[in-house]
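Below are two complexes that have chain A in common, paired first with chain B and then with chain C.
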Partner chain A sequence: MMVTGVKLTLLLLVTTTLISFFVGTVLAVMRVSSVKALRILGTLYVEICRNIPGLFWLLFFYFVFPELLPSEWGKALNTYEHYPVVAGILGLTVDNSSYVSDILRSGKLAIPDSQKEAAITLGLKPVQQWLYVMLPQMYRAVLPPLGTRMIHNFKNTSLCMAITATELTWATQQIESLTFRGIEATTIATVFYIIVSALMVAVVLGLEKYLKIDMTSITKSKA
Partner chain B sequence: MIKFINVYKKFKEECIPLNNVDLSIAKGQVVVVCGPSGAGKSTLLRVIPRLEAIDRGEIIIDGLSVTNSRANLAKVRSEIGMVFQQFNLFPHKTAIQNIMLAPMKVRGLTRKQANKKAMALLERVGLVHKAGNYPSQLSGGEQQRIAIARSLAMEPGIMLFDEPTSALDPELIQEVLDVMISLAREGGMTMIVVSHEIGFAKKVADRVLFMDNGVILEDGSPHEVLISPKHQRARDFMSNVLHVRDDLREENATFLN
Partner chain C sequence: MYFIEQFSNWKFYLVGAYPAGSMGGLLLNIVLAAIALSLSFFFAIILGCGRLSPKKYIRYPFGWFIDIVRSTPLLMIVFWFYFFLPYLLGEHVTVFGSAAFALVVYGASYQAEIVRAGILAVPRGQMEAALTVGLSKYQAMRYIIMPQAFKIMLPSFISFFVSLFKDTSIAYIIGVIELTQSGVIVSQRQPDRIYAAYLCVALGFWTVSYSISRFATSLEKRLGTIDLWRFSLVPGKR
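What follows is the complex of A and B.
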């Protein structure tokens, strides 16, 4: 049961980290776009998603979302064996991606407009400007807070026990109710969370070192 | 050929960097633009690839209007190189990666072709040995030379230089000017240079413009504009700023020699 829990927790960690990284990036680009409609849409998403507790999003996707769909689809979801996991991924992603986008947006603000101007005059198209010039610098600029956010998201996977996703925290509760070995199970789970979080910290520190660039050449600009 | 037709640009009330500018620059001409701070020199350059939009008038480059057509703008932008006061190298890329990026992504060169081209350009600006360095590991003069090489990699017909030496320590200015002088002497490329480097203007400019308050006050040969300008405003400027600096530099040069 613990092994299943660990596996699912790791699955939730990997999927939500990757998806929210991607969605957060798209949202951040939308929010600094020159197109007003995109800016409004992005901001609306972030403000709604970020200002509702993550647990509520999990409950929403598990209980409410299937009811909003046409009844056959909703029934299909409710009877789908792994729907708790899907709902967990959706809920965590919605919550986490809004934070990621805001962190990235702050990264964009740290990069002078002149970088974009250089990219424009080299003939790079807008998508290329983002991919090769802006985003690589934005990720570097916000690596520490981004890492912290991803660790936070990892710990939030434990909330998925509330929607019967059989992840690690759910497993410890099950063990407690079946065998009364709750303290042992919880201790093991705690150690696991600490180890994975520490590994994530190590990865972030490693990336920081590997990607370290000296931004002074562009930030010391005088008018 | 670059043509400004009655171009008007306003930032705020009473700040009009381009006040109905008419200007025509022939292919291959080397033009130096000077004038006091806030005269509109930089804006004159920046509206060409439309880093700033203009409020009225029209700008036509090689027969294509860039004022209203996005398609024309994209085409024209890839034919224009721009060198900035602050160099604006991409800090997360090495010198050679900075040069290779646009030829690969915009012109579709393979990595090998782009690398070969970049090495040739590094040779030309005398920085082959710095190919693998990041911008933060280069001096200002080296960064600016890399920035020039990066622009040249796109083989632009037009090069715009926005105060390319103003942010440099005095002893690093000449190495950048040397690259620009050799470019100008090679010929064939239209160059517009916003600069107060009178030595450069005297040596290679075909034409010098003097701007003040969004208007081109003087327009003529280097001798006409620098030595005997018609307007009092220009005369004051030349004697106060340029000649003094120029003389100082020459004095220093003789002193050092």
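What follows is the complex of A and C.
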């Protein structure tokens, strides 16, 4: 039971990290784009999602979302055995991507406008400007807060037990109710969470070191 | 008419059965967050200062404690308190009590890092100058460093408060009848009101968090000019 729990927790971690990274990037680009409609849409999404708890989004996707769909689809979702996991991924992504986009947006503000102007001068298309010039620098600038957010998201996967996704925290509660060995199970789960968080911190620190550029050389060449 | 009827139990979302029965709904979230914030603030200052202590035997245990709590999910902390507080205290603890306990511990170790960052952000010269003037280390900390560090910390504190307020929804999982729980209860007893119930939950959380974060942004804008010595711990001195 613990092993399936660990597996599902890691699955949730990987999928939500990747999806919310992607969605968050798109939202961040929307929020700083020159098209007003996109900007408003992105800001609206972030302002709504950021101020509502992640637990609400999980419950929303688990209980309400199937009701919103046409009845056959909703029925199909409700009877689908892995629907808790899908709802968990959706809910965590909605919660996390708004934070990611906010962090990335602050990264955009840290990059001088001349970078974008230089990219335009080189004749790059808007997509190329973002992909090759702006985004890589944005990611590098916001790596520490982004890492913290992803670790927070990893810890939030434990909330999926509220919608009966069989992840690690759910497994500990099952063990508690079946065998009354809650202390052992909770200890193991806590140690697991601490180890994975520590690993993620190590990865972020490693990436930071790997991606670091010598800023002094750049400022010197500018002068 | 039908639409209005859907929201006829708005009072349940807002305060639960409060004047007649137990408190609940959004009010309980706010109370929980206020308790957690005010208690954890004091522990946070102790933890944060302890982590900066020059003595290794103080610094390391505090550091371990903060790191362990910070890398454990809040839900796990809630369960630890929910199951093991009764063992420790030897008596029954209400779900509200264990949720509040867990939020205090969680909030304290998160805010300890804010406190630490704030203290480290004060230029070293301030401490040196204070010691030169003849203040004791405690006096220097209290009258010179802390007021300045507090100014630096304030925005982070407020954004943490938003996050803590949203995290009170976790009490739903152990059965505290707060706003999320009220919504779920209504939607299960009256399935035709499911949209209204979830809308109310979302609206309740959104209104409070949004107004706090708006306040934070306006404060951040003003912080450049505001004279924070007015809020300092030294009465009458400027």
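We take it that the second predicted complex is superposed on the first by the 213 of 223 C-alpha atoms of A that agree within 3 Å, B and C clash if a C-alpha of one lies under 4 Å from a C-alpha of the other, contacts with A are read in each partner's own complex, and residues count from 1 in each chain.
Convention: contacts are C-beta pairs under 8 Å (C-beta built on N, C-alpha and C of every residue); 3 or more make two chains touch, one makes a residue touch a chain.
This structure is a prediction, so every number in the text was calculated from the model and none was measured.
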Discussion item. Which partner chains sit in contact with A:Ser197 here, chain B, chain C, both or neither? Use first/second/both/neither.
Written reply: second
Practice prompt. Report for A:Tyr132: first if it touches chain B alone, second if chain C alone, otherwise both or neither.
Written response: first
Discussion item. Going by the contact rule stated at the top, is it chain B or chain C that touches a larger number of residues on chain A?
Written reply: C
Worksheet item: What is the contact status of A:Ile52 with respect to chain B (first) and chain C (second): first, second, both, or neither?
Response: second
Item to complete: Pick one for A:Ala118: touches chain B only (first), chain C only (second), both, or neither.
Response: first
Worksheet item: Should A:Ser177 be classified as contacting the first partner (chain B), the second (chain C), both, or neither?
Response: neither
Worksheet entry | Which of chain B and chain C A:Ile151 touches, first, second, both or neither | second
Worksheet item: Touching A:Ala162 in the superposition: chain B (first), chain C (second), both, neither?
Response: second
Discussion item. List the residues on chain C that touch chain A in their complex, please.
Written reply: 68, 70-76, 79-80, 83-84, 162, 166-167, 169-170, 172-173, 180, 183-184, 187, 194-195, 198, 201-202, 205-206, 209-210, 213
Discussion item. Considering only the defined contacts, which chain A positions touch chain C in the complex?
Written reply: 47-48, 50-56, 59-60, 63-64, 67, 151, 155-159, 161-162, 169, 172-173, 176, 182-183, 186, 189-190, 193-194, 197-198, 201
Response to the item:
chain A partner, complex, touching residues on chain B are 49, 51, 74, 77-78, 80-82, 84, 86-92, 101-102, 105-106, 134-138, 143, 147, 150-151, 154, 160, 167
Worksheet, complete the sentence: In the complex, chain A touches chain B at residues 114-115, 117-125, 128, 132-133, 136-137, 140, 211, 213-218, 221-222
